[in-house]
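Listed after this line are the structures, all set down as structure tokens.
Each of the next two complexes has chain A plus one more chain, namely chain B in the first and chain C in the second.
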Partner chain A sequence: MAEIAIRKLNKSFGETQILDQIDLTVRDGEFMTLVGPSGCGKSTLLRIIAGLESQTNGQINISGQPVDQLRPKDRNLSMVFQSYALYPHLTVKENIATPIRMRSYRWYQRLPLLAQLLPGAAERQAGIDSKVAAVAELLQIEHLLDRRPGELSGGQRQRVALGRAMVRDPAAFLMDEPLSNLDAKLRVHMRTEIAQLHKQLGTTFIYVTHDQAEAMTMSDRIALMMDGKLLQVATPEEIYRNPVDVRVAEFIGSPKINLLPGEVNHAGRVVVCGCPLRVATQPGQTHIRVGVRPENATVCRVEQGDIQGQLIYLENMGAEFFAHITIDTLAEPMLVRCDVEQGQQLVLGATVGIRIKPKHTLVFDQQGRRVASEKVAAEVHHESATA
Partner chain B sequence: MNLPLPETSPSLPRRTSRWRLYRGAEQYERLLGWFLSLPAAGLMLLFLIGPIVAVLLLSFTDWQLGMSAFEWIGLDNYAELFGDHTFWQSLKNTMIYVAIVVPGSVLLGLGAAMLIEAGKQGKSFYRAVYFLPVMATLIAMSIVWQVILHPDFGLLNLILKELGITGPNWLQDGDLVLYVLCGIGIWQQVGFNLVLFLSGLMTIPSHLYEAAEMDGASSAWDRFRLVTWPLLGPITLFVLVITSSKAFQVFDTVQVLTKGGPNKASEVLLYTMYTEAFEYFRTSYAAAITVVFLFFVLLLTLIKTRFVERKVHYS
Partner chain C sequence: MNRRPSLLFRLFRHLVLMSGAMIMLMPFIWMLLTSLKPPDEIFTSELTLWPQHWYFVENYTEALTRIPLMKFLLNGIVVTVTIFLCQVSIAVPVAYALAKLRFKGKKTLFAAVLFCLLIPPQAVSIPWYLLMYQFGWLDSYMALIAPFSISVFGIFLMRQFFMTVPNDLIYAARIDGFSELAIVWKVMLPTAMPALVSFGIFSIVAHWNDYFWPLIVLNSPDYYTPPLGLVNFRNDDTGNDYGPLMAAATIVITPLVGAFLLAQKRFIEGITFSGMK
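On to the complex of A and B.
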């Protein structure tokens, strides 16, 4: 149980800045996910927290204590590695027992043969055995205890690695892309299991992944990193609805958010492809980008739409459809979600209107920063007048 | 044209003929396999198994080099051998040599490999330096050692003299000479083992060391016990076998430096065999010594495959 606070952390290899002024507080018992594209520095940050690498400057506190000078083993953290890093010569049982043996035994208590003759050896072994058994039961790997890692499947190795991390009640778990070596189906399954494990244990988790779906489904909060910088730290809900940067909006969400180039007219209305939307923001900006998630737009008749385009492709997902609509002036087609009923009625090649929900439309300035925007009040009057 | 068309409907006779065809193909394949392995099998028979059988048969005769006839004398050669003081001395010396050179060169090789691997610079330099003795001809190197170890003007004793110590006559002291040869043997073998261990160390994934670090293995010894030593298992086994068989074959240094002396203090199996065969021309007697030698090599191979190999391969 611990709060982990990172203050003004920097890491550079020579000229290359890997981490740039990272400030992050992971609350006690929180499931925090560090997410970002590969090379963004998230794994380096995790390894610095673990103590496997040292920062160039900055500070890390665990439960209020600075740990910058402490070796990994004295930080009382557990880590699950992407490749699991199980000891190939030890059985599952011995693998899981290793952290306890290493930490609570003196060196002479670990000597082969001789150790068994020392006083208290039997009790010590029994203590370890019961802890290993408890962990194995929790992870449902009791039947594997006498096997070696080489005889296990990827998912089983994953559980053993989790067991080795869990066995000694660490202050926090660090997980470095633990699911990326599993096949897609198992990955989704283990996602749930790890999230449940977190609830059961109540320990702080720091989880590194490049998969936004993992981040969204498992975390209490997400820390999104890019190019060594922390762009946004927020709950999955918040980071999806209110991204502070266009890169965050692009990274989170599948299918990707639609980004439409636009401008703001003198009245403060956002204009896309020459058509004013029912969205207002600070006037006088050119070259803005308007972010619309596929579910925040609807396909409608041309005259009802804010903008119009040609339907070129319909992606049938079973429970919903995604309409790909090309708009004259845009290079990429816009994705709009439709329900099944509407999707079945749409005709490929037809010209359709797209109605954009103003409430969830995101506006980004030229630098990609989020700009405050709101639904145009006049439109409300207009709508209520016609109703 | 009225060509006989193949029967299209499946019927019993057709199935049996296909079965026969299949059996024929299988037989053909088996014959082809034997045929293809013939050159290798022939060479093996000619150069490995043939000579071994010849030596074994020879050891039951009284044949000597140049004689036109021989008689079967059963186990007489072996009886003489096991009653011969020189043979037992030679066997004992060989065992002592193996018992010192094998652990010595394996442990030194491993230690040096780990130091080089842990170092930041000059890895290839050190590797080359340690490997030099392996590349050099041992006969030539033995002559260099002879000069170094010379009691009066040898480099070693000159240095000792500077330090105020009177160095012994290294190669003529019966209590010392075998250990001097062991030293040279280790010097010669360490580089080879070191290079093998270095390549073994490079295959150990670094995340295992990180996992060990997280698990609390913070001292170098803990990391060695938990990761390095177990993961070097296959390499260590290979090194042990190679080093042991090389140590059993010690000959060059003895031939150049001591000729088994003084007073048979450095007599080793292969040297005894050599003198019996090519100085006294007692070919059949030398064959009996060779059989004893082969017995030890075979024993070593058996230990390797039966017991150790199972314990070092984990997957």
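On to the complex of A and C.
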């Protein structure tokens, strides 16, 4: 149980700045996901929190106590690694027991042979055994306790790694891409399991991933990092609907958001490919980008659409279709979601209209920052011919 | 994809390999057979493979009684085992530091290790001899052990193996509360068993069979290692006594062959798979 507060944290290797002024507070019991493309510094940040690497400057507090001078083992955190990092020469049981043995035993109580002769040895062993058994039961790995990591499948190793992290009630769990070595199906399954585990334990989790789907499905809040900077910290809902930066909008969401180059006319209307949309923002901006998620646009007849284009490909996902529509002046086709009935009626090569939901349209300025926009009232739409 | 080669080719292939193996084994077989023959058969002009009269008991009794062979074997064990333990206790922590820790001058230090690999042992034998003389260690176990207590080859081999151990394993150990020394001995060493076994064979074979250095530093037969002991059979006034000599040689190599067979599986793993996780 702990709040983890990171203040003005910097990390650089020589000239290269890996982390740039990171400020982040992880609340007690929160599932916080650090997400970003590979090389954005998220794993480095996690290792600095764990004490495995040192920051160039800045401060980390755990439960209000500064931990910058503490060694990893004194920070009372536990960590799950991408490669599981189980001790290959120990059995599953010994692997899980290791953190308690190393922490709660004095060195002479860990000596081989002699340790068993010391007073209280049997009770200590029984204490460990019962803790290991409880963890094994929770993770359903009781039948694996006597095997070695080499004899386990990826998913089983992952559970053992979780067990080793859980066994001693740490202040927080740090997880470094724990699912990325698993196959797709198991990954989706383990996502749910880890999320449930978080609910059961109620401990603070910091979870690092490059997979936005993991971040969206598991977290209480997401911290999105890029190029060593923290771009946005928000709930999955908020970060999806209200990204503060075009890079956030691009990174979150699958399939990717459509980004259309545009401009703002003198009346403050957003214009894409020469067609004014029903979206208004601050006038006087050129070179804006308009973000439209595939589900916030619909395919319609040409005369009803805000813009028009040619349908070049239909992606059938089973429960929905994604229409790829090329628009004359744009390099990339625009992706629009349609439901099954509509998707089946669409004809490849046809010219179709695209109607964009103004309420969910995101406008970004030249620097990629989000700017406020609003829906233009319906009556203005009819007068727009003059605009 | 690959068709099974024809029977003729397979036969041919095996014949080639077997004759190669025979060439390699011939001296050993000859040694074994000679140790079973009486002197007159050894010195006959025609070559006979199989002894006509068994002389096993006589040769081996002679080998064990003429010189204190058991004592020499014991010396050999004391020396090689101590050397190996010293080498491991230095090579493993050094290799860990070179492979996994970050410190200033690491590259220079590793370059120095590589450089030391290039120095032939004979080149430094005179300085070592003088050093041993200064320390007053000549003609003792210390003189046999001290020059080999640090193995640069061992450092290099273990370092290369440790490079393949994922960093996450060390991070996990640090979080679990291992001290750096505990990581070296309780995490790194057990994962490096194949490399350690191959290094052990290299080291033990080299020092068990070493003739050059013991010959230089030893005077009294009390500290003779097995290869030095064997010479007793040659320098006798009676001339070369091949039967007992071969018997003694057989006895001397037996522990090595036994150790190799025991460690064989791991030894070969260590050489070929040391780069793989």
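Keep in mind that, in the parts below, the second predicted complex is superposed on the first by the 377 of 387 C-alpha atoms of A that agree within 3 Å, B and C clash if a C-alpha of one lies under 4 Å from a C-alpha of the other, contacts with A are read in each partner's own complex, and residues count from 1 in each chain.
Here is the rule we use: a contact is a pair of C-beta atoms (placed from the backbone, for glycine too) under 8 Å apart; a residue touches a chain by one contact, two chains touch by 3 or more.
The shown structure was predicted, so the numbers you read here are calculated from the model rather than taken from an experiment.
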Superposition on chain A - do chain B and chain C clash or fit: clash
Touched partner set for A:Met79, first chain B, second chain C, both or neither: both
First (chain B), second (chain C), both or neither touched by A:Gly150: first
Touched partner set for A:Gly253, first chain B, second chain C, both or neither: neither
Chain B versus chain C as contact partner of A:Pro178, first or second or both or neither: neither
Chain B and chain C footprints on chain A, overlapping residues: 50-52, 71-73, 77-79, 81-83, 85-89, 98-99, 102-103, 164
Chain A residues touching chain C - in the complex, by the definition given at the top: 47, 50-52, 71-73, 77-79, 81-89, 98-99, 102-103, 164, 176
Chain A partner contacts - residues on chain B that touch it in the complex: 205, 207-208, 210-219, 221-222, 225-227, 230-231, 233, 314-315
Contact set on chain A toward chain B in their complex: 50-52, 71-73, 77-79, 81-83, 85-90, 98-99, 102-103, 107, 110, 148-151, 164
Chain C - residues contacting chain A, complex: 166, 168-169, 171-178, 182, 187, 190-191, 193
